[in-house]
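As structure tokens, here come the structures.
Two complexes come next, and they have one chain in common, subunit A, joined by subunit B in the first and subunit C in the second.
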Partner chain A sequence: MDFLLDTTTSGEKIIVMLIAIALFVAVMGLVLWLADRPSVPRLVTVSGFVGPALLLLVLGLLYPALLTIIQSFQNTSKEFVFLDNYATIFGTPSFRTVLFNTALWVVLVPLLSTGFGLMYAVLVDRAFGEKLAKTLVFMPMAISMVGASIIWKFVYEFRPDQAGIQQIGLLNQLLVMVGFEPQQFLLSPPLNNLFLIAVMVWIQAGFAMTVLSAAIKSIPDEIIEAAKMDGVQGMAMFRYVTLPSVRPAVVVVITTVAMATLKVFDIVRTMTGGQFETSIVANEFYSQSFSFGRPDIGAALAVLLFVLVVPIILYNIRQMRLSEEQR
Partner chain B sequence: MPSRKISRRLLAMTAGMATVTLAACGGSSDDSDPMADVTSNVDCADFEEYGDLDGKSVSVYTSIISPEDQPHIDSYAPFETCTGATVEYEGSRDFEAQLQVRLQAGNPPDVAYIPQPGLIATIADSYPDVIQEVSPAAQSNVDEFYNEAWRTYGSVDETFYGAPLGANAKSFVWYSPTAFSDAGYEIPTTLDELYTLTDQMVADNPDIKPWCAGIESGTATGWPATDWLEDMMLRTAGADVYDQWVAHEIPFDDPAVVTALDEAGKILKNDAYVNGGLGGVESIASTSFGDAGYPIQDGNCFMMRQASFYQAQWPEGTDVSEDGEVFAFYLPGETTEESPLLVGGEFTVAFADRPEVQAFQAYLTSPEWSDVKAQTTGAGWISANSGMDADLLVSPIDRLSYDLLTDEATEVRFDGSDLMPAAVGAGTLWTAMTKWIAPGDSSESVLAEVEASWPSE
Partner chain C sequence: MSETSTSKPTSALADADAVAGPSEMRKLSRKEQRSIDAKTRLTSPWASGFALVLAILWSVPTFGLFVTSFRPERAIKTEGWWTFFTAPEVSLENYDAVLNGNTDFAGAFLNTVVITIPAVVIPITLALLAAYAFAWMDFKGRNFLFVAVFALQVVPIQIALIPLLTQYVNFGIDSSLWVLWLSHSIFALPLAIFLLHNFMMDIPRSLIEAARVDGAGHVKIFFQVLLPLLVPAIASFAIFQFLWVWNDLLIALTFASTDLQPLTLKIGNLAGSRGSEWQLLSAGAFIAMIVPLAVFLGLQRFFVRGLLAGGVKG
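Showing the complex of A and B:
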């Protein structure tokens, strides 16, 4: 049974995995059975049920998070340098570009995707072929981020305008057809950031549309009828009836997309690798930690990302509480 | 018990190798397939020292991807057939970053092919308990068959971690012999002649750019430009200054380095010279290094600087020879007397000391493997293994590389960026060279950025 400690083949690994799962089930079953017996004190029952989950959270989430925070205050030789890493991030022009790009993403992606999603949801609501129209916009959500990035990389692909050379990028082909010069969309900062952001908006608009469409459908018909009787129409209907009614949903969508945007990594990694001044915090964290041998800077970037996400989560929770109180 | 042995062998083979093995065992050999011949007519006597490794497997993680990976996979067949072990090959474009991710996660491959001695040093520093010294059998092979310098490249503080695998000569310019002879161009023998020839091409062909180049390579984007810089360093500053630069005895942005980079910029950053059929200077950054030479075949450019291994990139059926569709000439020195040669290579580093891993590493250092690899590759691969049968190098470009590599007159230097600490050589230098191309920062500013990123100590 030596292979239990030193597996070499897949078969052995699967056996070890099955044994581990069986052990886990047995131990958990024993703990829960013991904790659930009527004779034991309440404290034991509670810790028996909550304890394992807490333990895993501490080991899998809290402990690595603390390690990362500590590492962000150290240099690569594990000596404490306090805020030096953060000073580097805020003091170096190339890192400031990264921060600026991240800000650009966090502002533009939620606003644009929610805006497009809301507009689309209102326009197709109760229109002919609504289901098909919604499916089309939702489809990008089903494509993996890397897949979407590769597709869009082809869309932006550049070939020079020269005899014997065919454009293979859709966008440049369109430009050439109407008589413009082909463009290097991904190479010229700062505009190339917008072309990357467009990919994220393309993906997230479907999500926004689905949630907001459901919210619009849940507006009671009485309210709409009452508004119509009062003579409200068109834009006014949207501005004074629809929008206020779906406000909680809009907030949820914006904050969810904002969080997804802060964490976005795949699009930048796949399309430019963070070159050409398109890097954002999540991508820079990876490059610094694993390519440039600076895990200290990487840790500081990860902590920064965490600090940026926290207010959005807090705002989200507050809004959820408020909307629950209203009911 | 031959029948039992055959069935055991078959079990050990992966599905992909099945056809080759069947031909070997069943005798119904497919004579039209030269590969089956190379990998099956093996004298297993040479493999007895490795012992019986039946059912064992060795995982290999590399940066070598299609189409260069298949010859590697094929070259393991004799080892697999004779010892019964299985070799699981995995190539990745993100190798340099992913290897460190896997090491940090405690999930290292058994063997990694690392092309950068600097990365070996970084790993030896960060994961001293995981990285293994080269096994004794492999060490004795290296001592017997390789020039001492190769052992130095793979060593960190006197400990020998990386055994040499393949080698390649980098100071080459690919061109089309037919296009050259049609236009009456001569192969330049000095740098000045190269520039004169380039100007001549511009004057003769106003619609065509003479040079093409591409430095896109996934996470490793930028590395082909570092070869340009190093080749120019060897030519404008000389080998001694080059050594000081690589060892960081002079600052990374020393005026000599700026001069060398500007020399490379004479071609790479000149809109009149690049980028044939691919766009302007910026397009170098977005063109994959593997695709960069194709405009030569289409007649959209005349020359592209890339190492000898580039011949594997040409489409199947391309005539790579002195009078053929494509061939390479030696990137000349400043004078005809100087002939510096930039070389590169891969090193095998083990992260496990199981017998099958040690045996596999030893096999890769043996002349037998070099011979098999030379045949499975056909063209586009050389090794610095002196025990190798040089007659097996069928490709003229491999012969040329091998001759240059072994010629006393050439001043051979290992790729500098690969010797530097990984944070620079496989990190900031690549990014800096990409920035130098697009958006087009100045030589001084990108070199100063690299200098600032050099790890302290």
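Showing the complex of A and C:
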């Protein structure tokens, strides 16, 4: 039965997968069968339905999260050190760069991708070829962030500026064509952060566009017709009709993208590995925990990530309440 | 994340369906006809043209890597991919090398498939049952528990990774397929329960009451009344979870042993160790992208529906 835990050949993997699914179906079937017998008390029935999910959440998310919070106040030999790990993070210049970069990401990615998404949603609304255009802009959402990183790393690829050597990266080729020297986009701080951020904007703009486009299309016709009768057109239409109508959706998109941005580490890890002063909290968490053998610092960074998400959520909830009151 | 959505999505959802779904054949009043005209009338050709140009520019980076993956190694490394159009050279060598060479992307592809299927099936099943209980069963502490599950969506998965790994090691199940399925399931549950609960609440209470009057138990109601009505909702979330697991890097990096590395991890490692081997990177990246892209293009309607219902996970 060793192969259940240690799968090496393709056949074993597929068999174990089928066993797992069969086992899961059998266990859930048994649980439901027991839960549905007329004689059992209602509590058992309820447990049959919510029990498995709650059990996994408590054991796999809640309890580990508590352990991590405790670890963040301890050193690597599990001695209580109060806020030392946090002091290290806020006091060391290299970590401060990480915090600064994270702030840059969390401010720029939501603003730029929502800005572009909104502009594009307005532009493409009722345009010829709307569906195709939206699909193309939305497509990066389906690609993995690792894939997106490879795509963009190739765009940024650098070849030294010598006779007989041609650029193979698109961006440097464009620079050379207009008479500039090719640049090492990913190696020179602090601008390299912006080139990484561009990748996330490229991915998230499609999401922003899709949600905002749906919001624009759900603006009641009467409102638009009435505005047109009053002679509202072009920019004024956007400023006084479209924007106020989609404002709640804009808030939702900005906060959603901000939260996604905080947790993303794939791009930094794949494109620079966090070197050249490009690390962000989510990436630094991984490096400290698994590469540098500092689970204490890693734990503090994970908690920090959690703490940073909370105000964004609270803002989101507050805005939702406000827009509901206005109705 | 989806705190977003309790109120907004219903209208957005209905709209997405109206736009995408097959329109019902019925007589339209003049007023309706006029409003449809207003919705479908095209904007200026300039705006259309500009929108299309932007969309094409948006796709150029992907297209460039795509073209590159079919060019011979020497050509890739000496001249830009755009020269392909003046001197086309096509070869499948890169795909052959990356699939069957020592990078073994064929094995990684299988790993991704084997990881993904149960990691989609298990959380959806568990979440459906839990969502049913939260929506249609009366029990003490129901509201508190539901809010607690809702709030768990906020927790970044990073915060649970290391203790989870320690637990797996203690149980002796680390670096097996089971921990990958388990981890993906756990992290998917809060969002899945929340989304499916929202969809379930849209089903008219009278349907469930009627079944109850006929003497149906909860299991029967769940399978015979609710499940058939929920198929589109389940499809939306399934696509979401599928893309998320297929494209995941963090969980694979933390829990997958060398034998079980999925595509994302292979490419990530390749980019780190052999970052200038563009013939391998480009072909590898497209092998990883092909399935999600096909799913996305084929089932975009469901995907958008899931998004609008607030299904964004980070």
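In the analysis below, the second predicted complex is superposed on the first by the 265 of 327 C-alpha atoms of A that agree within 3 Å, B and C clash if a C-alpha of one lies under 4 Å from a C-alpha of the other, contacts with A are read in each partner's own complex, and residues count from 1 in each chain.
The rule we apply is simple: a contact is a pair of C-beta atoms (placed from the backbone, for glycine too) under 8 Å apart; a residue touches a chain by one contact, two chains touch by 3 or more.
Note that the structure is predicted; figures quoted are calculated from it, not measured.
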First, second, both or neither for A:151, with subunit B first and subunit C second: second
Touching partner for A:163 - first (subunit B), second (subunit C), both, neither: first
Subunit C versus subunit B, contacts on subunit A by residue: C
First (subunit B), second (subunit C), both or neither touched by A:316: second
Partner chain in contact with A:273 - subunit B first, subunit C second, else both or neither: both
Which superposed partner A:143 touches (first subunit B, second subunit C, both, neither): second
First (subunit B), second (subunit C), both or neither touched by A:286: both
Partner chain in contact with A:248 - subunit B first, subunit C second, else both or neither: second
Set intersection of subunit A contacts, subunit C complex versus subunit B complex: 8, 273, 286, 290
Partner subunit A, residues of subunit C touching it in the complex: 1, 3-8, 11-12, 15-16, 19, 35, 38-43, 45, 47-48, 50-52, 54-56, 58-62, 64-65, 68, 76-82, 107, 110-111, 114, 117-118, 121-122, 125-127, 129-130, 132-134, 137, 139, 145, 149, 152, 154-164, 167, 172-173, 176-178, 181-183, 185-187, 189-190, 193, 217-220, 243, 246-250, 253-254, 259-260, 264, 267-268, 271-272, 275, 278, 281-282, 284-285, 288-289, 292-293, 295-297, 300, 303-304, 307-308, 312-314
Contact set on subunit B toward subunit A in their complex: 55-57, 96-98, 100-101, 104, 122, 207, 218-219, 221, 277-280, 282-283, 285-286, 298, 300, 354, 421-423, 426-428, 431, 434-435, 438-439, 449, 453, 455
Complex contacts: residues of subunit A adjacent to subunit C: 4-8, 10, 13-14, 16-17, 20-21, 24, 28, 32-33, 35-36, 38, 42-43, 45-46, 48-50, 52-54, 56-57, 59-65, 67-69, 71, 120, 123-130, 132-147, 149-155, 157, 166-170, 173, 202, 205, 207, 210-211, 214-215, 217-218, 221, 224-225, 248-249, 252, 255-256, 259-266, 269-271, 273, 282, 285-286, 289-290, 295, 298-299, 301-303, 305-306, 309-310, 313, 316-317, 320, 324
Contact footprint of subunit B on subunit A as seen in their complex: 8-9, 76, 94, 158-160, 162-165, 184, 186-189, 273, 275-277, 286-287, 290-294
